[in-house]
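The chains carry the letters A, B and C, assigned in the order they are written, with residues numbered from 1 in each.
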């Protein structure tokens, strides 16, 4: 089956992946699960972290990989359409995991692919496998979703992680706290979708405004180029930093997440805090993607 | 054994590869065939399609791969000779598949390599594994070669596929129809070779001139940079396009091939025509290269 | 265990690796040794030869690989610190082999890595796996180290191989002959270290001055950019070339080594001399790195 859009994932599907990720999150030998299968990792936009965790996941399941990590030197550079590239490569392999700068690219790929497509991120639109590992990290850290106060901070408009995470979480009874500068706030369409699903959403401009209430704080990176001027950027840059002083304000039972790279959103001193879960979150990418690949290839 | 030159492949060799490709063209598990063997894919000139199908073929046979897909960051950039690169890498692995922009590079490599060399394309000279998958595609599509009228269209002078395919086909009783602008016509040496082998060759400038007679039309890409002026290029660009109107003129028992990427040589509407075999042709690259690698490494 | 620094390797450790390399230097099937293990090859500075031999070694032991061969398109380019990159990737895999342009990078990596780090070269500082394959090559070629006269020629100051090889050899009773222009001579710290270990060191400017005494001549590459002027460079360029005339002056029981690429330090005519061991030396990189990876991952 294709794994393309977070919005189309049912609660049952999400629970199923979380359960399966938990199973794969151990030292057992799973190398017979996808023995003889080949995954193509097609990264039309570079991402070492995501590509490595797909490749590691595939290999831990006994499968093998081919792939490219940028379009330099590919047929794409010769002017080949995405459709032709996908159609050709899908005839070699058993599954394709792809990242593409254009929104909707993964969906488009399913129209011609003879094998399952897994969306490894399409523009700032969706990144379902990141959402799945994020959910698994919250479940592992806090036991359940219902009743949680979850803060998502940073670039909510162009960021690739906050939107699909919100949509997935709307399957449970959570309260969302969006923390961002007004020009990077969550889009109206997503807010409406969440309200339709009876999710309480609160929008604030500073982490301090909500830190005491939160069970989860999910930080994301703010990129300089989103702001019209350097001055505007600097105004918000310092505001979205989690340091030990900020952590001191948070609950004891609390987890801090970040899809990484963190650049300057979380200071190094926070790493030793047991509530800092961003490296474990990255690590969870492997069992979560093992669950995804197994489902994509066998169902 | 080395697999370097289409001209040196006997009819028996070709039949043997076709037979072996047919065997590998199934879902059976062949992962014990080359277990423990390692292939180096050395692409001094990029080609995703060819590299992926070599890597897929090797892995479907149970082997493993190392490789580079461009010379960026290799010892070649530090000034190492091809001979030293090949001699070193051949001491690590069990076989080398290489593409190189210089004519004769693969042949040269065999002089120092301690392991079999497979030519994955050397300049515009030869591309024997492409020819092998092309032959397999024709055999699969039409049953035999004798008596066929085969058209090859596009850049026959600098293209990498038309010349070796012609030479391989000259082992059977075929009639070749070359379709190209005069400045990109097949070189005299090849024409002479074909005539020596009693192959009927007809040269025309338009697809329309021969489409009704053809059993196979093999399209190739014309590159803008081959023409002295943009004006010259545009004069021929529109002429070498296969669209549904052109397909309507072709026989019912007919196959359309293209080594891909097609860019603008075949319109998208043709894809649904059951006679359009270019994606199946690409797909056949895997079993054909499984046959090649098995022969190269074990004979 | 981490394998970072040549200076911290004991004589027992070195003997152990040499013994293990000898075992792996055969055609036997070792693919069950590291079955299910994954190595990340992180090359922050490109090196095809070293990367391929690590990947080949891992795969010959039954393990698998992920990796990058330059930082283009990695999170490093987005501004991620080395520490975060290592911490994240170490959570995916079972071992990291890394090359980095900065001295001390591999050591730094051990501070955050959850898995063993193998130093594949850090700046001009150290390159322990090269030293291990160099030792194995000398042992294989000449039987023992005690009593040998070993010449090391070329860029001893900025070169990555001469210094660690000297330090490792100082565990035995060898005599070192350094051959270099004064501005590229071995640093004082290393000379002092060797004298403390009672190693006789002789410094000369020409190969001719010592060739007759040597059991081993280890050539290294001199890079143009180390000299202030082209004139200075050319003065030494011709001086450090081994050709058949030079080989004629060497002992019968003698081996010529070079870490490669040789560029113009050894002429092609020397390749046929049975005392020329540089290609065998490159080849020894695979069994030596099999020994290293096995030790790193299992001890």
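The rule is short, and it goes like this: a contact is a pair of C-beta atoms (placed from the backbone, for glycine too) under 8 Å apart; a residue touches a chain by one contact, two chains touch by 3 or more.
Everything numeric here is computed off the predicted structure, so don't read it as measured data.
Within the contact network of the assembly, the step distance from chain B to chain C comes to 1.
Rotation relating chain A to chain C, from a C-alpha superposition: 120°, rounded in steps of 5.
With centres set at the average Cα position, the gap from chain A to chain B is 40 Å. Of all residues in chain B, none touches two or more other chains. Contact residues on chain B toward chain A in their complex (touch as defined above): 29, 31, 43, 46-49, 52-53, 55-56, 59-60, 69-70, 260-263, 279-280, 282-283, 285-286. Contact residues on chain C toward chain A in their complex (touch as defined above): 35-36, 38, 40, 64, 66, 68, 72-75, 77-80, 84-85, 87-89, 91-93.
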